[in-house]
Amino acid sequence: MDSHTLVSRPRAVRITKVRDENGQAKSLFFRDEFSSKALPGNFVIVWLPGIEEMPMNISRIDSESSVTVWPYSPGTNALCSMKEGDTIWLRGPYGNPYKILGNNSLLIGSGSGLSPLLALAKHIASKKLSATFILHAKTEQGLIFHNELAKTCEVVTATTDGSKGRKGKASYVANGLIANGKFDVVYAGLGEIELRMIFETAEARKMPVQFGLERPMLCGVGLCGSCSIGKYLVCRDGPVLNSEQIRECFAELGVFRRTKSGAIVPVKDY
Amino acid sequence: MDSHTLVSRPRAVRITKVRDENGQAKSLFFRDEFSSKALPGNFVIVWLPGIEEMPMNISRIDSESSVTVWPYSPGTNALCSMKEGDTIWLRGPYGNPYKILGNNSLLIGSGSGLSPLLALAKHIASKKLSATFILHAKTEQGLIFHNELAKTCEVVTATTDGSKGRKGKASYVANGLIANGKFDVVYAGLGEIELRMIFETAEARKMPVQFGLERPMLCGVGLCGSCSIGKYLVCRDGPVLNSEQIRECFAELGVFRRTKSGAIVPVKDY
Amino acid sequence: MSQEQISLEVEIAELSLRNPIILASGILGHSAEIFERIYEGGAAAVVGKSISLLPRDAYKPPAVVEVRGGFLNAIGLGNPGAEAFVQELKKLSAKKIPVIASMFGSDPEDFVKMTKILDSAGASAFELNLSCPHVKGVGTEVGQDPDLVTKIVSATRRNTSKPIFAKVSPSSEILLQTVKAAEDAGASGITATNTIRAMALDVESGMPYLSNRYGGLSGEALHPIAVRCVYEIAEHTKNPIIGCGGVVDWESAVEFILAGASAVQVGTVLASKSIGTIEEILNGIKGYMVRKGYRRISDFVGLAHSGK
Amino acid sequence: MSQEQISLEVEIAELSLRNPIILASGILGHSAEIFERIYEGGAAAVVGKSISLLPRDAYKPPAVVEVRGGFLNAIGLGNPGAEAFVQELKKLSAKKIPVIASMFGSDPEDFVKMTKILDSAGASAFELNLSCPHVKGVGTEVGQDPDLVTKIVSATRRNTSKPIFAKVSPSSEILLQTVKAAEDAGASGITATNTIRAMALDVESGMPYLSNRYGGLSGEALHPIAVRCVYEIAEHTKNPIIGCGGVVDWESAVEFILAGASAVQVGTVLASKSIGTIEEILNGIKGYMVRKGYRRISDFVGLAHSGK
């Protein structure tokens, strides 16, 4: 056995390319055999020795894969300042990916939740299925992936402040589209409070959902329990949960979560 | 990983059949996936909990494989008294098998050295190559496998006391046949003193040999060194050594060996 | 022997369990919902994450790294404190799910307070973590000090009538002394073992993988060491032993029982395989018992000592 | 940096070695011919099987069993005694193959006699086995007793001017005390570590696999524990450390060096893989040094301590 076959031992990969997505979020590209075999919704855990370890959704799955990083913490700041040729460390990929249901999908993502949906949109397109993508951000500057998405599906742009496209929170725009009855499944990568609101609409219309969740993760492998939501572990059962699973943990969704030390705290909106 | 994939952890197998080979040696048959994939010359290590652990050549390789046991020690006595339905424990198979060289082989075995040569003779026959087998024992009672061997190759029976077939030690009979120049390789499973004498004849005629050796084994896996002969380990490099290897350890062959505690002692003739 | 004639029930120090499989401390935290899932998945009881009197932060990630044969972890005993755990305990005891409350600390007074809080909240038993290998002052350093062990176990004993298990370290020369100190002070049994202090380095950065540098080794690499501990302890005590460390299938669980354990904890395997492994282990044990003609687990507890 | 600018040579306590890979004690016994093969296969030195003054029988087989992540062995320190080893030593020193003679015992007088015999027969250095986990009275029980360690190391020190390495157990709470006692008494360095006491049971027979019941765990399962020992010892001493335990490839060897080892021993991997692994490890280390721009092994010894 080669130590590199240990999927949960960080392996060094060289950044082959850095793409500035919107003056804030950066996509870091790298060659990694494990990531190139991932499925949309799988995530990796990125380590910067001496700094931090951070779960990251895989935004592009290919011979060169990518993660797209938003600078919200010391570790993500450090990642966003990295250059081609620098080294980052990965373990994973982890988690249960999105599963393709239905023929006409609605995808909704905002900010850092957009990453796995980019990979998913490409995957849906490769199966020649139709999809509409609500590309959301708080303000126009937050919007990313537009051109890439436009090649794969119909893109509906929206911002909370209305600086571009439709105006409103992602859930507001999404619920409007869900209401027109055209779609047979909703895929969403948003904050939990937004997800909660979309779920209520989808349930009323008996429409299946697949939600990509993010909760604090200490281990990523199903050992520590910090990522739990109800009876589920976001790192193992998720990050993508389906309608049945969301129903079971709905009391917690967008309401409270655990810290890495196990304390219960309210979920914040971003 | 299932603990059964640990080739060096003894696994319990049920004896499916016991065959009395000559009133003394018994063949114990069992179903064991690892053994059924062994090659002629490979050996297993048989464990009887609370009694002993013993290396044993595999005499028949098939969906039901067998070892053929001579009652020379407490452990082998216990094995020889076992019945169908009893359990024995195996680890392995181990070692480097016989390699088929040439088109007309001479095989020579006596007593407990006959086991791997039975498997080898069947293997040679399956490749439609010719072979002559010197089936030797000290006395007529010691002869085993005659009928099975006769189906695969020409059998020359011989005994030290002349009670059956040609008269003389195995090396004497073998050297006589080697001298007629008909054979292009010699496979032998005999005591080392006999092997030593055959090797001298074969070398004089530049005839390649493959000798199956037996030396005291504590581990069977190349950890302890007790089975060493010169620079070779009988458990790993052997039990089958070829002419080049025998040449390199010829000073020791049939002269001295090590005990399980590493002391040097002379090799005895049986 | 048919499956019907077999009972997996065990009685360890007055704790009646429907089978011998228990979730190990710290694995999957202490959420009542997760524990209920583990219980529904087959485990007879769960041990809570080790709790201190006051909340304590976990170490920064990386807190976990895979090595050959297991994982290293240095979670740092992060926990929200005894009062926070009461909420979970109450939910679980309402559902009659047996919870063994794990506690750590270095001040016997803390154990007095925690025991009172958790006993009245419905803990079925207590486990004293005397053996965390990666937190200074409250782990193996406690277990190494027989006097402190005596004080902590006595403090706990005086404040509960429920079973108390002392959890020991596999990496101790004075293992049997710690065991004796704990039992003399009133421990009902021993959990053997915790993880063993270890480290892994990244050759590219030259840095330890874990933010805490040192961590505890769990998983199958630990199993033969933990089995040895259970066997050694069983040679010296008649009290029940709970085996823990590297159980990955029914055979590794049965090894613990043969070595002298009355019950077996599972941890890392839930990550290296899945939660479903609990059921596979139970089915494997049942099949083994049918084959061997054992009616109860106690029929083969400690059997490996008889042939020596 | 090109391969040519790189030197693998190491100097450990006046012992100059062509590279940092050494055969571990007890692996493949002590035959001069086998040792020569290991040396030709790339190892810079070999440690002999541990020797006692008088011959001693090995335990009955089973003496070895595979577990997940390695092997358990209970060879029982069987050896033909110091005088018998002299023959092998002479052959090896005639060929200029560095041999580190390993000795065990409990009587300092035995060490006096063995040291004299083996020093004059050409041993390049000595390793004191204070840490065999499966033989009563002469292994870990010695290492646990700092006074006895002092006596044994002093006795050896007085009778040779060659380097002396004290080989310690990974399973000790007083590891650093043992190290200090050995160094204060004149040990030139530390070998860390020996195997760890362990056991495996056969579930079908209910019996321990090993005739001695207890054995020592070696192989990759031991590696993170041994790396931790080297790292801990390196925090407390400037003397050279030899890493040992679970090296299976160049990365696991480099981990030891980064943790603070100046050289690395290989054992079980020769069985779990093959003798050829030594060369693979050396090539791997060379490639690593080219990539990292290191010219000598000493450039990265202990580097993992700098970033903490």
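We just call them A, B, C and D in the order they show up, numbering each chain from 1.
Just so we're on the same page, a residue touches a chain if its C-beta (ideal position, glycine included) is under 8 Å from a C-beta of that chain, and two chains touch if they have at least 3 such contacts.
Bear in mind that the values here come from a model prediction, so they are computed numbers and not experimental data.
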Topological distance between chain C and chain D, in contact steps: 1
Of all other chains, the one whose Cα centre sits farthest from chain D: A
Chain A and chain B, separation of their C-alpha mean positions in angstrom: 63
Where chain B and chain D are represented by their mean Cα positions, the distance between them in whole Å: 36
Centre-of-Cα separation between chain D and chain A, whole angstrom: 50
Residue list for chain C, restricted to those that touch at least two other chains: 67-68, 200, 205, 207, 220, 251, 307
Shared-contact residues (touching 2 or more other chains) in chain B: 1, 3, 49-50
Contact footprint of chain B on chain D as seen in their complex: 26-31, 33-34, 36-37, 49, 55-58, 60-68, 71, 73, 75, 78-80, 84, 87, 200, 202, 204-205, 207, 209, 211, 267-268, 270-271, 274
Chain B - residues contacting chain D, complex: 1, 3, 6-10, 12, 47, 49-50, 52-54, 87, 89, 91, 217-226, 228, 230-231, 233, 236, 249, 258-264
Residue ranges of chain C touching chain D (in the complex, touch as defined): 67-70, 72, 140, 144, 170-174, 196-201, 203, 205-208, 213-214, 217, 220-225, 227-228, 231, 246, 248, 251, 254-255, 258-259, 288, 300, 303-304, 306-308
